[in-house]
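Note that subunit A is present in both complexes that follow, paired respectively with subunit B and with subunit C.
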Partner chain A sequence: MSRSSRICLLPLAALAASAPAQATVYLSIEDAQRAMFGEQAMTARPLTLDAAQMKAIEQASGVPVRGSLLRAWRAADGGWFLLDAVIGKSELITYALGLDTQGRIKQVEVLEYRESHGGEIRYPGWRKQFVDKTVGNELRIGDDIDGISGATLSCEHVTDGIRRLVAAWALVLKPLG
Partner chain B sequence: MNRLRRARPWLGTLVEIEAEAALDSAAVLAAINAAFAAIAAVHAAMSVQQPDSELSRLNAGAHRRALPVSAPLLQVLRTALDLAAASDGAFDPVVGGRLTALGLLPAAAFAAAPEASWRDLQIDDHGRVWFARPLRLDLGGIAKGYAVDEAVAVLRAAGMHAAQVNAGGDLRVFGAAPQRIALRDPRAPSRLAHAIELQDQALATSAPYHTAAAGLPSALIEPRSGQPYAGGDSLSVIAPSCLIADALTKVALFATPARRDALLERHDARLLILSADSH
Partner chain C sequence: MALNLLLPSSRHRVLAACALSLFTTALPAAADSRQEQLEQKVDALAKQLEALQAELRALKAEAAATSAATSAQAPAPTQTPASTAAVAAYVDPSTAPTRQDARAAAEHREAFLSGYGEVNYNHYDHDSSRDEATVRRAVFGIGYRFNDSTSLVSEFETENAVVSADDGGEFEVEQFYIDHRYNEHVASRIGLILIPIGYLNTAHEPTRYFGVERNNIETRIIPSTEREGGISLYGRTGYGLSYDLGLTTSFNLANWDFGSAEGAESPLGSIHGELTNSRAADLAQYVSLNYDGIAGLNFGGSVFTGEVGQNQDVGVSASPRFLLWESHARYVHGPLQLQALYAHGGFSDTAALNLANAGALTPIPKAFYGWYAQGAYRVWRSGDYALTPFVRFERYNTGADYANQPAGFGSADRLTETVLTSGASFYLTPNVVLKADYQHYRRASEDNRFNLGLGLQFY
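Showing the complex of A and B:
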């Protein structure tokens, strides 16, 4: 079959020759706090939720509460900075939620995005063993990848997590005054 | 030179923006924040999931009377209609009824005919939109690309020297140096199969990730038949704009070769097919 010169067929090598996607760190906790609360003093106020609180948050948000630790910081103006992590199909996303004194969302920042390799075998020598194909302008995969295309990753777990944290604010943090 | 990278949840996915400029980091961060604001505006106007979006208001009422729409939504709808006609419906923004019937979109408060198509969508001389019958527009195949283009325009205007905007795999880059983009392996999307170089270009990918490997039907639906994409290939389109790259991945999945090739030519686009069974 003749193909348009605008079409390039890239054969897939054996799966073992493909490289695991890497983790990305976007910003530190301190940088995220500064991004949301400026130069305000932030006081760590970690809380351990009891069983009743966890159940109430689940009911209010419709999202399961899997851990009892609420990683919270209080801003000088009374706002809250909450740190959380969610697990998706194959990814672990650490994110922070900034809430103002009324519990309104100021900002959401992803701190770190990590793709687990699941049961796939980590391939220590993959850089050496990966065959450099020379189709089109294709390059060898290395550490210097600037971006990844494909798989519209759902952020459903992050939006669920935000709903859970907002419920935790209303039920647990707001009553602290 | 200051370079910053940020990621936030928008458009139902994780949007990542990286920008670099010979400005202080506060200026780079301000540009990134402005670019995220542009994406948030597209999300607010064009999300099919949000009942209060401009798109959802059209879906709920445009079969009763012609409704005025904002300039950005009108631009996306005109492009979508143009591509739908040129691809003979292989790309179709009216696929929402099918997706709803298949449970791929949450149910809406209104009834949408699954078999409705782009032919039932009309734009009158005053730029108002009306539907010949109840239908559900879903811009999921094009709005992410448009949002990426809008964010890139904001970053350029803010004096960024180089940038990348990536909305869950639909991305666009600019800058003096080429950027390396990896393509996921459709058989195991947490692995990267190939890398290509882009410069002042956009790239979008459609592939039956997760579903094919899990033995499930693909969530990529052929709009005319309502059948899921049965192949295992990953299709990527490189184009001057992300709007076009995004939409042309659906053309590449479902259009006849003649229409596909004509559209690639017309939009100065290239198609990359990652195939497991090509040899």
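Showing the complex of A and C:
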């Protein structure tokens, strides 16, 4: 490994070290997996998307794809658990999406939320709207997903993220069989 | 790792040698011996350099051998995906930093900017000399994160473009507070804060309401943007109920102008302090509750009250008090948006004051109120473009009851006004909107007008 590439890693190491200590963690990854897939064995299957796949997902969902890593786990029954993060208003929201073997949404869980505002996205009533939606559904605020008055931005950004993940399932995960 | 530690230190050695040689060459000596010494030193340095290069080669070889050994020992991924271009590398997703993390971390920054604004045009039906175009407001917000639970939120607003002695503009600090989160359920704001009453007062970006101009109820009855200095405690429960409690500065009755129409346009708005050397002897309190537990539905209400005498001689011995309360509901389903709000306000113990100013243009109202109902339906969308027509019906009275008016020469209670506003919002993106509407006033028909506006928001 060349020295210059190690230098590139320095900011990442610094970021890891300075990771916010007080973010409210509602669920661990394992808890979220258990909530969606019960006691099924979960196998980590992270995928690095290539440029063409990122572009295809972007076109299908209308949402910019900013990272090449798809943080995916495969459930024993063939379903998928996807971990993702979006910006709410100015802070990160970490959430997970559970998909069944047909790509239908099983559940949406919020793992970490850092803002004082907009935490309403954790309300079960809001998250329930996504259940059973899949590729072909609009998955858009103002269409088949209703927003929350006090959490407009958080709702929009999580909904956009889910639309991007569902497109990633159709284009990348589904062909894996 | 050994390579990691050694490389910088070997570099240091070279640097130290260079520094030493520079230092020694600076010493005064005879020209000949200096030449000799220098040659010797250059030789010595060259040898040192050769030694370092050899050391480096050895270390590189060692590192290569180690990494080869590691990759040979590494277990193969438990499931090797069959022939797919998707899988380029195996990384443990919970530990490895990625471009996505870097991007997200870059956005997880300490200072952040936001803003909103609107440029409006009003054309009056009956008197075009009143026609006006203005930068209604341009607002820029600066936030700063001190740590993960403590931030500054600030907003600076300019109304009507130019602020000077000769122009009608205003420059305001609209919000300036510290937001601190104690835990999942409780957070607080301290400083210049918005009172969470109704919809518009806390959500007044032009992309978030219909109509070029803000609705009458939430400007005349609720004096948006109503803000005070103080402290609030707020938070939410897990199943849809959110609360906000506050202790703030209050209004100042000494500023009531019996001879100005301002108190009839917006009774509370004519005497709010906006934390500009606000009188602070009497404080106000508020409670606000909202329920969002059912997708698409919001309803709630709030009460805001406090004394307004501020220990000044306002002309009455009693302690005059204001009370403002409202309830609101909104239902959003797909392209449909329905919204309604009722607000009621009043001053108590001002009868003697009104009597002393009998016959004045604007007595202090014992009651003022208003309500509206609004419906909107997005009829078209293509990508980010969307077109949403709306209609809003409003009724309000800013002086429904003037206490203690002497028969014959007192002020009559005001009449209730009815306004119908209909128009449309055309969104270029969800955060940039072009608006057009027509407003019909049943009584003040001179205010009937056609409005055009540009509104935007960024964060």
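We adopt the following convention: the second predicted complex is superposed on the first by the 116 of 177 C-alpha atoms of A that agree within 3 Å, B and C clash if a C-alpha of one lies under 4 Å from a C-alpha of the other, contacts with A are read in each partner's own complex, and residues count from 1 in each chain.
Just so it is clear, a contact is a pair of C-beta atoms (placed from the backbone, for glycine too) under 8 Å apart; a residue touches a chain by one contact, two chains touch by 3 or more.
Everything numeric in this text was worked out from a predicted model, so none of it was measured.
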**OP:** Return first, second, both or neither, reflecting whether A:Thr24 touches subunit B, subunit C, both chains, or no partner chain.
**Re:** both
Original post:
Is A:Ala170 in contact with subunit B, with subunit C, with both, or with neither (first, second, both, neither)?
Top reply: neither
Original post:
With the two structures laid over each other on chain A, which partner does A:Gly147 touch: subunit B (first), subunit C (second), both, or neither?
Top reply: both
Original post:
Does the superposition put A:Arg45 against subunit B (first), subunit C (second), both, or neither?
Top reply: second
**OP:** Look at A:Ala60 in the shared chain and tell me whether it touches subunit B only, subunit C only, both, or neither; answer first, second, both or neither.
**Re:** neither
**OP:** Identify the partner contact of A:Glu109: answer first if only subunit B is touched, second if only subunit C is, both if each is, neither if none is.
**Re:** first
Original post:
Just subunit B (first), just subunit C (second), both, or neither: which does A:Ser90 touch?
Top reply: both
**OP:** Across the two complexes, find the residues of subunit A that touch subunit B and also touch subunit C.
**Re:** 6, 9, 11-12, 15, 20-21, 24, 26, 89-91, 116, 120, 142, 144, 146-153, 156
Subject >> List of subunit C residues in touch with subunit A within their complex >> reply: 4, 7, 63, 67, 78-79, 81-82, 84-94, 96-105, 107-109, 112, 143, 145, 147-149, 151, 179, 181, 183-184, 187, 199, 203, 208, 234, 236, 238-240, 242, 290, 292-296, 298, 330, 332-335, 378, 381, 383, 386, 430, 459
Original post:
Can you name the residues of subunit B that touch subunit A in the complex?
Top reply: 5-10, 12-14, 16, 18, 29, 144, 164, 166, 168-171, 173, 179-197, 203-205, 207, 209-210, 234, 236, 261, 264-265, 269-276, 278-279
Subject >> Complex interface listing, subunit A residues touching subunit B >> reply: 4, 6-13, 15, 18-21, 24, 26-27, 35, 89-91, 93, 95, 108-110, 113, 115-118, 120, 133, 136-142, 144-156, 158-159, 162
**OP:** Over in the complex, which subunit A residues touch subunit C? Could you list them?
**Re:** 1, 3, 6, 9, 11-12, 15-16, 20-24, 26, 29, 43-50, 53, 62, 66-69, 71-74, 83, 85, 87, 89-92, 114, 116, 119-120, 122-126, 128-129, 142-144, 146-153, 156, 172, 175-177
